[in-house]
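Input: structures, listed below.
Shared between the two complexes below is subunit A, which has subunit B as its partner in the first and subunit C in the second.
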Partner chain A sequence: MMLRKVIRFVQNEKLVPVYSSMLAIVAGLLVGFVILLLLNPSQSIQAFFTMLFAGLSNGPTSIGNVIYFASPIILTGLSVGFAFRTGLFNIGATGQLLTGGYIALLIGIRTTVFGPFTWLIALICAAITGALWSVIPGLLKMYKGVHEVVTTIMMNYVALFLVNFLVKQTIYNNLKNESLPAPADAVIPKFGLDHIFVNSNVQGGVFIAILMVIIIYVILNKTVFGFELKSVGYNKHASKYAGINVKLRGLQALMISGAIAGTAGAVIYLSDSLTFLKVQNTLPTQGFMGISVALLGLNDPIGIVFSGLFFGYLIVGGQKMQIFGLSPEVIDIITGMIVYFSALAIVFQNAAKRIFRMKAVDE
Partner chain B sequence: MVFLLQQTLFFTMPLLVVAIGGLFSEKAGIVNIALEGIMVFGAFTGILFLYLFRDSLSGQNALLMAMMIAAIGGGLLGLMHAYATVSMNANQSISGMSLNILAPAIAVFVAKQVTPSELIPFRQKFFIESVPVLSKIPILGPILFERAYITTYIAIFIFIIALIIINRTKFGLHIKASGEHPQALDAAGVKVKRVRYTSVLLSGALAGLGGVVFFIPTSVEFSANVSGYGFLAIAVLVFSRWNIRNIIFTSFIFGFMQTVATTYSQISLFDNLSFIPAEFYRMLPYVTTILILLLSRGESAAPSAIGKPYDVSKR
Partner chain C sequence: MRNTLRMKHITKIFPGIVANDDITFELRHGEVHSLLGENGAGKSTLMSVLFGIYKPEQGDIELNGKTVEILGPNHAYQLGIGMVHQHFKLVRTFTVLENIILGIEDTKFGLITKEDARKRVLELSRKYNLNIDPDAKISEITVGMQQRVEILKILYRDAEIMIFDEPTAVLTPQEIKELIEIIKRFKKEGKSIVFISHKLDEIMSVSDRITVLRHGKNMGTFDAANTTKHKLSKQMVGRDIESPKLNTKPHLGEVALSVEHLSYTSKASGKPILNDVSFSVRKGEIVSIAGIDGNGQTELVYALTGLLQHDSGDIILNNESIGHETTRNRTLAGMAHIPEDRHKHGLVLEFPLEYNLVLQEYFTDRFQTKGFLRFDTIRQHAYDLIQDYDIRSARGPITNTRSMSGGNQQKAILAREISRSSDVLISVQPTRGLDVGAIEYVHKRLINLRNSGKAVLLVSLEIEEVMNISDRILIIYEGEITGELYPNTTSMQEIGLYMSGAKRGG
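Coming up: the complex of A and B.
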């Protein structure tokens, strides 16, 4: 009886995309393994399994580090995934993260009036900044029909150089060419997490990530507003006919997406784990990482938590690659392949159905 | 002034080549936001070739071979994009984005294995001191034919060929039909998938080649970052309204902005404006892109079947 129930649960049609994501992960990891095999044949198996289990090898310390790396990319993933659900491709999470992160640091370092609540004010202002940074692409998309992919990318580079300039003007540590550290009042409280995950980099940002996931889940699934946002994403014309203000909803969707990415910036920089806003000419990676997280998480808030944790786990594994004389970029190769494979969803969905003996979907 | 225009040419040519690459793909109905990643990958393969054969090869032949290899490298990624989007009906933006993640990762990973850092240097000098006779032409001579790079001529050559292909050949017509009304093309007995494959492959090859065109005149080493050039090329395409004749002018405008952004300190014209911080010059190309898009009439000129997988049953 029990077994039959399990089989019925496993064969649930709704789970097909989940299986397809898992197969994409396996395929991506296989590609990673082949690359290791080509470059370092003698140690490849050892290196591969070190990478695969690094996130657990040191007990709570490793798990704490996985959570530390996962928190910001769960947020950027949520930002991108939320936009996807409303029919928008927000590649601008990077820029929203940078501007939001800068404002959070500015408030954290330069204000004292809020005392122990400095971090909260900084966090809220980061969200507002992220939302404002996506207004221009939003307006261009809704009123001019300019595709948001091009505009949000351009806004990323504008944000990069603007934040470089502002950091130098206001919160600069010119010895290290980066921002000053966040003072104690501005660090997001850990509520004892550091005692559970001893010696790890774990930060309070994980609470913010979970809170945002819950908020977005409720908005998308339990409110009329969320229903309208999704409806605009599915079919603009039908939504308009049903009396929804399509342009306004689209703009709001992109602003909410920007706000989430802004909090990701605050989560990264309002920490005491020696992450500073660096003055450099390349974009921080967490924004683009969000795209991978969202796609693997099927743009679903709960799925994004899992895929964010998975990528956090992978990052911890990548850092161990230096032992074998390999650079951690092997992780990015695997990530790229996983995203590519999840784009080939039909192949993997059919494979999943074949494995679990369901009817194949038609191409 | 000559310096300014020469520099502008260096920044215009990669945009021109990559935008033409984007044009081939988008005219055939496939969105290609992988241009950025493909540029990186093309430059990586080409410059890796120069680095590995730095003792045995030099001069223009080495550069030409590097460009060929870059085109092949770019073509490979183009093939991946074509397989996902044409054969597998994958979401074109997602496939493109995955290549944007993949390409720089491979480049940095391999570069770290073959060189001490993640940069691949190329020490050879490839410019031509002065082209005989032609460099004596007043005004144009010094700009086009002194301290010139062969990449510039090849880019212009590619532009002319592409112009002929798109506007004067049957294949060009097939590409346009594949992007506007693939069902009609199919009904006329032409294989839509084959046309789309060829176009996306061409697109990848051109973007890869554009990567080399980007690095050779403006740098001494490869780094896995083309600072948003591939995306700028898409903006060029939008602003050119997918018309190949406009692309050369638009590329020139964008190339000029990039020149100002990187060489402002050497231009006497901007001496009086030295109070403007460096970062604002660096922002210029991206800000102007947004402003230009704000003024343009939007995407109404895009091929009508763009972004949609070809569905035979809708014929």
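Coming up: the complex of A and C.
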């Protein structure tokens, strides 16, 4: 009886994409194992299991670190995934994150009037900045038909060099070639998280991430506005026929996506875990990571939480690879493989269908 | 005669529905075998099983005496089975030739060589009078031509068994005649053909045998020579079909829709599309716009509904100018629209059925409060329309719209647009792809609307439909209204002359 129920639940068609994501993860990890085997044959098994369990090995401390790494990429993943649901491919989360993060730090470091609420004001301004940063690609797309992939990528580099310049002008620490640290009032409060996950880097940003996920989930699934956004994402012609202002909704969608990425910037830099805005010539990784998170999370807000946590978990594992003389970039390869496999989702979906149907026949 | 193909006891189940229920179907060498059945009877599904798209839960397929398991479309091609789908599957940005060879390109040193392919395509095109330009882009050719590309695609793969899934639904009457000739030619060469259509005339003229499906079951196979249209339609729906006609004089009310000197020139080509079009529709009448496809009907409807901005002239709805209003405002002012292309404009295929049923009303207070959707009323609305309009689907309101049969998708649009009881209904080829029972039903609904004092503008390519259910017929030719006729004082022949431009005025 019970088994029946479980099987019926397992066979639910809606779960097929979830299985395919899980299969992609397994396949990616297997490839990762092969790579470890090639790089360091004698210790490969040990390295592999260290990587797999590092996110739990030190109990609350490890978990706290996983949450710490996951929070910003859940947000960038949400940014990309939300845009995707509305038919837009926002590659510009990086730029929106940088500009948002900079404004957050600027307000955090240079204002005192808001006292203990400085972080909140900084956070809100980061979201606004991220939104504004995506207005240009939005307008170009809606009124000139320029594809957002091109414009948002270009805006990433504009953001990088602009922010480098502005950091030097306003909140610079010459000794370290990076920004000044966020003062206590500008750090997002942890509401006791640091007492649960002792000795970890955990930050209050995770609350922001969860809050944003809930907001986006509600917008997409419960509101008239979300109905229109999804409609435009699926079929512009039918949306126009139904009287939806397709151009305006597209612009709004890109701005919301930008706002989410902007808060990711605030979540990264409004912290006391020694993350500073560095003056450098490479883009921060969390932006592009968002694409992977969204892809594995099937562009679904809840799925993105899980895939963000999973990638955070892998990052923690990657840091342990140095013990075995391997660089943490091994994780990037594995992450890449997983994304690659989830892009092959159709193959896995068919495989998943077959596997789970076969089980049912056995029953 | 030997059987080329036997599908034995095929059962195909989708969640919530048995689409094919123990169907046995035989195809002889060199015959045209038609499949007839209501919308959702399982015709496309059965053929998709044959083409390897779906795996049946039960049943075998026997090809030339041997049992085969068809693994997928490519495997089907290898076995000599080709299919022209109800909705085409072409890459719009590729050329005709590229689409034909897609997936089986010849290569030399890893590069695609098209020369041999081009020669063969041209040869095939000449042999069957298909008149194809191999270098034209798909996006630039007509729907009729796209279909020929699909046909060439399966010829190029040496199909001996050819499946045509509702090939005529998207064609003009002239193109249909040509297609029937092409199919007869294939038959003469010994190819075996499955032909699906809702139009009994076509079926009678082209088939050797006819199999009728109903609710997923085989109701019998008949020799075309020994049956009649009447018998077939009775088998198909289980009752007699009448074609409803207008038999009362219209109770004309005030003018509901009036079009004044409307002109439009294509931005892309600079060609004039609509030239000084003026007419009006009163409450309580059905006015048809008849014409051969491509004479400006599409643009006229787009202009009326706000999908396109005309250059000059005006549109008056209930005494108010709406020529420059948004589509939404026109909808709110009392306009309903059954669009020509149901997949492009009519439906968001990824949405569940219940969302599509509120696509024109989700923003009203009935379906939302303070910006939040009211799922309970949306669901109830869906149940009501499904019941009233007999929309068949696997899972009711939550059915994914894409998975519904073509005819039932059309019914969903009809239900949505007619049920809003707007003052003016603009309805473009509303019966395209519907079975005879459903056509009867739609015609009755349109007549009811008229009798209840609504204005109906019917755009149709079918003279018979136009003759049967209009109070007044306007002929459109090269973007102009060239004639105004009345069904009881004109004839099909006369309408034909007007449509071809041979006659005007009057």
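Here is the rule we use: the second predicted complex is superposed on the first by the 357 of 363 C-alpha atoms of A that agree within 3 Å, B and C clash if a C-alpha of one lies under 4 Å from a C-alpha of the other, contacts with A are read in each partner's own complex, and residues count from 1 in each chain.
Throughout what follows, contacts are C-beta pairs under 8 Å (C-beta built on N, C-alpha and C of every residue); 3 or more make two chains touch, one makes a residue touch a chain.
Treat the numbers as computed from the prediction; the structure is a model and nothing was measured.
K.L.:
With the two complexes overlaid on their shared chain, look at subunit A and say whether subunit B and subunit C clash or fit.
P.N.:
On the superposed model, which is not a single observed complex, subunit B and subunit C clash.
K.L.:
Answer with first, second, both or neither: which of subunit B and subunit C does A:203 touch in the superposed model?
P.N.:
neither
K.L.:
Under the stated touch criterion, name the partner, subunit B or subunit C, that contacts more residues in subunit A.
P.N.:
Counted on subunit A, the partner with more touching residues turns out to be B.
K.L.:
With both complexes overlaid on chain A, does A:231 touch subunit B (first), subunit C (second), both or neither?
P.N.:
After superposing on A, A:231 lies in contact with subunit C but is clear of subunit B.
K.L.:
Once chain A of both complexes is superposed, is A:71 in touch with subunit B (first), subunit C (second), both, or neither?
P.N.:
The answer is neither, since A:71 touches no partner chain.
K.L.:
After lining up the shared chain so the two structures overlap, which partner does A:241 touch, if you call subunit B first and subunit C second: first, second, both or neither?
P.N.:
A:241 sits against subunit C, while subunit B stays out of touch.
K.L.:
Just subunit B (first), just subunit C (second), both, or neither: which does A:21 touch?
P.N.:
In the superposed model, A:21 contacts neither subunit B nor subunit C.
K.L.:
Just subunit B (first), just subunit C (second), both, or neither: which does A:330 touch?
P.N.:
It touches subunit B, and subunit C stays clear.
K.L.:
Considering only the listed stretches 6-14, 24-32 or 96-104 of subunit C, which one runs into subunit B in the superposition?
P.N.:
96-104
K.L.:
Show me the residue ranges of subunit C that touch subunit A in the complex, using the header's touch definition.
P.N.:
Contacts found on subunit C: 15, 305, 307, 326-331, 337, 339, 344-351, 355, 359-360, 362-363, 368, 371-373.
K.L.:
Considering only the defined contacts, which subunit B positions touch subunit A in the complex?
P.N.:
By the definition above, subunit B touches subunit A via 33, 80, 84, 88-91, 93-95, 97-106, 108-109, 112-113, 118, 225, 227-228, 231, 234-235, 238, 277, 279-280, 282-283, 286-287, 289-290, 293-294, 296, 298-300.
K.L.:
Hey, which residues of subunit A end up touching subunit C in the complex?
P.N.:
13, 222-225, 227, 230-231, 234-235, 237-245
K.L.:
Which positions of subunit A touch subunit B when the two form their complex?
P.N.:
Those in contact with subunit B are residues 35, 39, 89, 91, 136, 140, 144-147, 149-151, 153-158, 161-162, 164-165, 281-282, 288, 291-292, 295, 327, 329-333, 335-337, 339-340, 342-347, 363.
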